[in-house]
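Chain IDs A, B, C, D, E, F, G and H follow the sequence of writing; residue 1 opens each chain.
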Amino acid sequence: MNEAELRELIDGLRAGRVTPDDAVAVLRRLPFAEVGDALVDHHRHLRQGMPEAIFGRGKSPEQCVRIVSELLAHGTGPVLLTRADDDQRKATLAVHPDAVQRAGCLLWRAPATSAEPRVLVVSAGTSDAPVVDECVLTLAAYGFAADRLVDVGVAGIHRLLAHLDRITSADAIVVVAGMEGALASVVGGLTAAPVVAVPTSVGYGSALDGVTALLAMHASCASGITVVGIDNGFGAACAIARIMR
Amino acid sequence: MNEAELRELIDGLRAGRVTPDDAVAVLRRLPFAEVGDALVDHHRHLRQGMPEAIFGRGKSPEQCVRIVSELLAHGTGPVLLTRADDDQRKATLAVHPDAVQRAGCLLWRAPATSAEPRVLVVSAGTSDAPVVDECVLTLAAYGFAADRLVDVGVAGIHRLLAHLDRITSADAIVVVAGMEGALASVVGGLTAAPVVAVPTSVGYGSALDGVTALLAMHASCASGITVVGIDNGFGAACAIARIMR
Amino acid sequence: MNEAELRELIDGLRAGRVTPDDAVAVLRRLPFAEVGDALVDHHRHLRQGMPEAIFGRGKSPEQCVRIVSELLAHGTGPVLLTRADDDQRKATLAVHPDAVQRAGCLLWRAPATSAEPRVLVVSAGTSDAPVVDECVLTLAAYGFAADRLVDVGVAGIHRLLAHLDRITSADAIVVVAGMEGALASVVGGLTAAPVVAVPTSVGYGSALDGVTALLAMHASCASGITVVGIDNGFGAACAIARIMR
Amino acid sequence: MNEAELRELIDGLRAGRVTPDDAVAVLRRLPFAEVGDALVDHHRHLRQGMPEAIFGRGKSPEQCVRIVSELLAHGTGPVLLTRADDDQRKATLAVHPDAVQRAGCLLWRAPATSAEPRVLVVSAGTSDAPVVDECVLTLAAYGFAADRLVDVGVAGIHRLLAHLDRITSADAIVVVAGMEGALASVVGGLTAAPVVAVPTSVGYGSALDGVTALLAMHASCASGITVVGIDNGFGAACAIARIMR
Amino acid sequence: MNEAELRELIDGLRAGRVTPDDAVAVLRRLPFAEVGDALVDHHRHLRQGMPEAIFGRGKSPEQCVRIVSELLAHGTGPVLLTRADDDQRKATLAVHPDAVQRAGCLLWRAPATSAEPRVLVVSAGTSDAPVVDECVLTLAAYGFAADRLVDVGVAGIHRLLAHLDRITSADAIVVVAGMEGALASVVGGLTAAPVVAVPTSVGYGSALDGVTALLAMHASCASGITVVGIDNGFGAACAIARIMR
Amino acid sequence: MNEAELRELIDGLRAGRVTPDDAVAVLRRLPFAEVGDALVDHHRHLRQGMPEAIFGRGKSPEQCVRIVSELLAHGTGPVLLTRADDDQRKATLAVHPDAVQRAGCLLWRAPATSAEPRVLVVSAGTSDAPVVDECVLTLAAYGFAADRLVDVGVAGIHRLLAHLDRITSADAIVVVAGMEGALASVVGGLTAAPVVAVPTSVGYGSALDGVTALLAMHASCASGITVVGIDNGFGAACAIARIMR
Amino acid sequence: MNEAELRELIDGLRAGRVTPDDAVAVLRRLPFAEVGDALVDHHRHLRQGMPEAIFGRGKSPEQCVRIVSELLAHGTGPVLLTRADDDQRKATLAVHPDAVQRAGCLLWRAPATSAEPRVLVVSAGTSDAPVVDECVLTLAAYGFAADRLVDVGVAGIHRLLAHLDRITSADAIVVVAGMEGALASVVGGLTAAPVVAVPTSVGYGSALDGVTALLAMHASCASGITVVGIDNGFGAACAIARIMR
Amino acid sequence: MNEAELRELIDGLRAGRVTPDDAVAVLRRLPFAEVGDALVDHHRHLRQGMPEAIFGRGKSPEQCVRIVSELLAHGTGPVLLTRADDDQRKATLAVHPDAVQRAGCLLWRAPATSAEPRVLVVSAGTSDAPVVDECVLTLAAYGFAADRLVDVGVAGIHRLLAHLDRITSADAIVVVAGMEGALASVVGGLTAAPVVAVPTSVGYGSALDGVTALLAMHASCASGITVVGIDNGFGAACAIARIMR
């Protein structure tokens, strides 16, 4: 509630257009409702067609079904279920079959997507595919039709450079890489666009389940790269959405 | 482009089937020749007024003077020296006195700055000031006049909420926080704009020189937050520049 | 045994009221019995209605049944079994069906509980529920009827602030949070009452199975917060019992 | 601002007792002022005689003097400076000489202290003294006259047991221990009162600057012990103040 | 080569000052166009008879079959599948039965091997066998018939010294060791030949899944030892191939 | 080969009792045979009745059977199989049924044991039992009849002190403890005899699978305590055997 | 006080040989005095000529002087000051000049030493000398004249084997080694005597200040080796004293 | 002593050319002398012109002078002092001025060097220079004239690719890189020659003093790369010497 609205309420109150009870009701909701309203307004603006997301891991199939059902019933925007195992996937699809699927992610009411702005998701190896999938489907839930460029690890730098155009023309890039995570540094040096790096838990023993890639991405010699958590393709997509909106 | 295609192009050129201009255009785009030039072009475009940066730590004062002098002599854009100690600062200022200073950072040929887009740098405590300063001066080198909101740690959440307007109206936010780094999660939940979190090495023993904040920011319950390295105010500013250009 | 009692024993011995054998028997138990007695007295005082607790993990269902049976047979107070898996739960309930259950915890001879003092258990997300349950049932075993405030993670600070009254009016608060554990800092800043923080192992890769939350809670910018071990809802309840008795 | 006050404002507005401008001014401050008020009220209640604390490390002597001066000028309660080095100590004492000192802590306007409730600070070795001092002086700032029991490490268990009375009669205990931190477990088993454990960075290489003690205290076999950060004697005292008020 | 030079070349070509062959020669060497071809040439040279390798873990049996089939169909050199589980092994053997097997590795079209140069694979214990097997079969894929010396851990130094001749006469040595990894230091001190150390994840709790051996090998007092990742027998063989070719 | 034997060989050579070829053959074997002999002699002396030990984990049941069979066939001393799972246990017992069993350990040809010297194995909790069992059975294999004192964790110090006599009269003590491992410090302070501490992987999250106890035991304030690896009851028994022989 | 003594006291009391006051005085001291007495008796027996030790680090020179003075004044046995810096050394020597010195250790009233039992201190490199010195001087304080064998790192195994006799004839061995700590495994395999390993903080980056050696020693393939803390030469000597007495 | 020499000794003994005493004296030295001889022979062969190396850190200037003097006096080959600080450098140069210097390394009697085989030392940034210098000077001590390619970090991949010829034509490459260490992966993918990677401690907080680069290099997606310890330029040069001899 901004000052103009507030003054209008007061004027209405003095003019009798607003009853004291109504004013109390409105103002009573201010303290945090104000916070909430600001956010809700803000959110309302944001949420037209915006996804609701459920993190599947640790929930029972029944819980997943219930939450998905509620979100589909009470909203009109996309609904995204991530990190779903087979049981969760089957249970929710049995009730709500119209989902787009990628790896362990399901998306209901997928919005129309646009190839503009150009979002590129680059990954180092085929084993990173589930994280790429989670990222791409989450981007789809936000309405972005991402371009995928996979299997371009830095040990074969010419494979990456062969696609230089796609890299330099992208408006934002998500780099998904496990092992030593070096791809983020190389890509970061090839573009001036925003780069969000996702370390993955892919790799042999010394990869330490993604910690090595996470640290390496943070220690990157390419300035201005930002990093999200290990295997967090969902988070990277959300970061892109924050940037691109 | 393989040898046969290359030879065909040359034959076409000699036979007049291909004009010199077209040949130049084609050859200009050669697989990786493209790379350097493209980048240089790209960089030339980007670099008009863009900062050159020198990381002071580990360099002798003489090295700092020499590099700063070279960059000032051979370019026309801003020159930034970060993490300079007293000796480095004095040595470079003795030769090139016209610098803007903040903490251990010096900026020569500071460009005109604009308050649009609105970049906000939020920090949890006064001890985070050097990192905030590095970030703000680097943003200045990119031409952004950042807004500062300091000492709004989450243990006094009302101090933060008192500035809700500045948070919700910012186009991008850098959150600088040591200790447990919780400020990033709270701010991330209050805005839909891009949030770049900088963990700092501020804090008691259990803060582990910033590792705790770094991990906490990555494990944040606010989705879409991205993180740069510990104390890396420079990197956060570069990330903002990638986002805001 | 204080000096007066000791002297009385000696007088009784000299006077014949106490036989040498009895004196030996009494005195023989002194060295550590004294310690023991102090503790036993102390404990007796404390243990009227106090819970006996069994940690289920790592024990066979038969062992659980046997220990529960013994404790029920030889005492009159509550008996609590924590971290019980399905087999342990079924085996013990088959023999002793009158238990209150929550998550993997069972409580026999639950005492009457009181809503005073007001103990509040706050948690960040629904995935923290098992730890909250363990804490609440342990509190019940101590006779405290805890108030639950769940799913108020800091990324949606208005959800937490909407319950400010419950937070500021509580006599003691347990904060259960995984991921980055920031909730403890925020709650700690909103109340002057004792706050016991429980890091949970909930979260993505960078949450490091609760280590991130544990470190973050220790590095909290809110002073006077104390922390128990990862997922240790039982320990937090015991800490509250120490404080509130 | 409760409902009655809100309605009164509205009535005053309608009756002309309050001008629209004043009402806007008041209401404008509601959203978080409400939060702030609650807290401020709350704080005002709490802060009568409560200490203001400054963490010295990382501040210049001049900054310390300035902050101490401000706090002394604008309040009436105790002012505490912790982790002050020699220069900070001398600079502040030169301006404000009337401080109580212990190790690197200074306390101005020390309140009268009371030996009730009985707070005991137990420590394992003489090297833990600075942390004990910080804790004791902070307790003094809160008005608690703590009892000190030092050099009772568990490797000489009889030294500890010789003081069993002081342990069992205390209303709350702070256990300060480095190395393996075992003292917390032993003390925790001897009393049913609240126990706040402070790991210290004292010890040889394997003590890992306090991390070993911190982990050990969290893994303690004595239930209901709570832990604060490494060397955080200040935090332990604040925790006691939360408990004992 | 800048645009002016490029245009000059084209003009010279059209004017006859430059022959087509010279132009091709010049253009062929263009900065990075060179890259791909150079590498391809280079690779072509290297790849005559060189192994193609597939890392089995994380792939479905079907994926393994498909990739193996493609590599066998489109090349003529050896094809190696490492870290294959039982299902992957059976699936690929069902389609392509002519494989040499060792532990979880399969090699199709194994080349003729030579005992020169003399490559020795030394291991500390029988539990290291799978890593030794992976290394030996990879070496076989490169055409090296490695000598195996197993179960010569340093706790029985005479067992190792009994084979001193084999150690001192080897042209290159791979040392495979878990636990404390000390074998690498001892062998490194007995020979002046290249030593590649492979830490294995073999060992009790304190071996930390190979991290202890990895660190110990890096901290080795024998100079000039190099190390590959934990359990990475494949990588060690590749390093030997780099050295011995 | 001592000097007398060497001189005898030379005399025999000069006297023609030994042919040059035989002398070369003998002397040729000196270099390490000498080492070997020394060790073999040494070992022969040591090994009369000494156990042969097999570490079960990571071996197939068939491998276990084969190694046990060989050791039983070619020696006369005890044969010990540790960390055997159910399949390994059943397979070996099917062929060699006469074993003493404890937890996952089996001992064939158990020697007569003696209660002198007095070896005491103390443990903190019932969950440490498998490690205690491994230690006690290994001690039995060495001929030591160990005394067991279990469930005397330091949180109930009177339980430990009630057995002070057994502690002070022991000739050597193994302390088995998980969680915070504090028992080692307390026991180390109660006796001047050798104390070997075994950290166990027992405990909640913060116990870090035994790392906390290992670090804590190393940082112990009781001087002269030594430590073996996590859960290594076998190693502790071997250390006692080294000490007590 | 055993039962016979207790009964005698009671009989003496009844018979008038002991006054009630004396009995009270005696019995009053039982509860923990009993513990204490047992220990004191025990200690008295142990302490004839046994060293008192002061850990210098973290103490002021004045504190060192005071403690050394007290120990020399109130006892008759050796007094040992370890980890003393130059100021502490000079200050104490100024007052008590008759000390034996080695590295940062000083020993007053050094007892006569005996070469039996044969204690050998082996070290890997010259940089380990301070830890060896601390160990040797502490052993001297216990009356053991240790044999030193230095600079026999495993990278030159022949240097170690050239001293095989000294190793196999020692009654107990302390192995001091940094870097990868492999020496402990090799020595442990050459002797059946007790081996106490001391990891040192010597080494390059990957040695991690001794953590690598500590872990490696715990993961040693030589069974029955025990380990003390990093750089803890004092603790190793104490362990030897426990073993050898 | 080889078999021919051994037989000659025996023949001389039988022929009376060698006395029994001399034979005993010679043979008595066999057991390990044999080992030694083998090594010494081996070494003698290797050591013609080979460097003796002294690690300066932790030694006093006097110790450095003494050791350098001894090595120069008793040998004829190069003598290398690494990690020397200013005092050590000045002290040794005062006595032995004829040294080649680079960073903290000094080389006396530098041998003639050859540009064949071609050894390339590549580094990511100017801050890695001291490690590069240590490596290059050690290579010089072995007689290799290394080629240096500096400041070619992967964030500007075109800088690296501009030198592709030097990379693909090198016979062995040392890659020196801090921060995220990605350069090793890229270079490893560009060449089939041996690649030895040296992680350096260069970088911001998340570089963890070189641990990040070390882990990243081990987790590299380029197969056959080997790694030495952090900052260990000396070790990398020794590894190259092992490979190239």
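Worth a mention:
What we mean here is this: a contact is a pair of C-beta atoms (placed from the backbone, for glycine too) under 8 Å apart; a residue touches a chain by one contact, two chains touch by 3 or more.
Note that the structure is predicted; figures quoted are calculated from it, not measured.
The chains in contact with chain E and with chain H alike are A, B, F, G.
Any chain bridging chain G and chain H, meaning touching each of them, is among E, F; the list is complete. Both chain C and chain F derive from one sequence, and where they touch, under half of the residue numbers involved are common to the two copies. Chain centres here are means of the Cα atoms, and by that rule the chain farthest away from chain C is H.
The chain with its C-alpha centre at the largest distance from the centre of chain F is B. Comparing chain pairs E-G and B-H, the larger number of C-beta contacts belongs to E-G.
Work out the mean CA point of chain A and of chain D, and you get 41 Å between them.
A separation of 55 Å divides the Cα centre of chain D from that of chain H. For the pair chain C and chain D, the distance between C-alpha centroids works out to 24 Å. Contact of a single residue of chain F with at least two other chains is seen at positions 31-32, 35, 39, 157, 161, 164, 190, 204, 206, 211, 214, 218-219, 223, 229-230. Every pair of chains meeting the touch criterion is listed here: A-B, A-C, A-D, A-E, A-H, B-C, B-D, B-E, B-H, C-D, C-F, C-G, D-F, D-G, E-F, E-G, E-H, F-G, F-H, G-H.
In the complex of the two chains, the chain A residues touching chain B come out as 35, 38-39, 42-43, 46, 53, 158, 161-162, 164, 168, 190, 192-196, 214, 218-220, 223-230, 232, 234-235, 237-239, 241-243, 245.
Listed in rising order, the residues of chain E touching chain F in the complex are 126-127, 157-158, 161-162, 164, 202, 204-207. Across the complex, chain G is touched by residues 124-125, 153-157, 161, 178-182, 185-186, 188-190, 203-204, 206-208, 211-213, 215-223 of chain E. The part of chain G that touches chain C in the complex is made up of residues 1, 3, 6-7, 10-11, 13-14, 20, 23-24, 27-28, 30-32, 34-35.
Residues 31-32, 35-36, 39, 55, 58-59, 199, 201, 209-211, 214, 229-232, 235 of chain D touch chain B in their complex.
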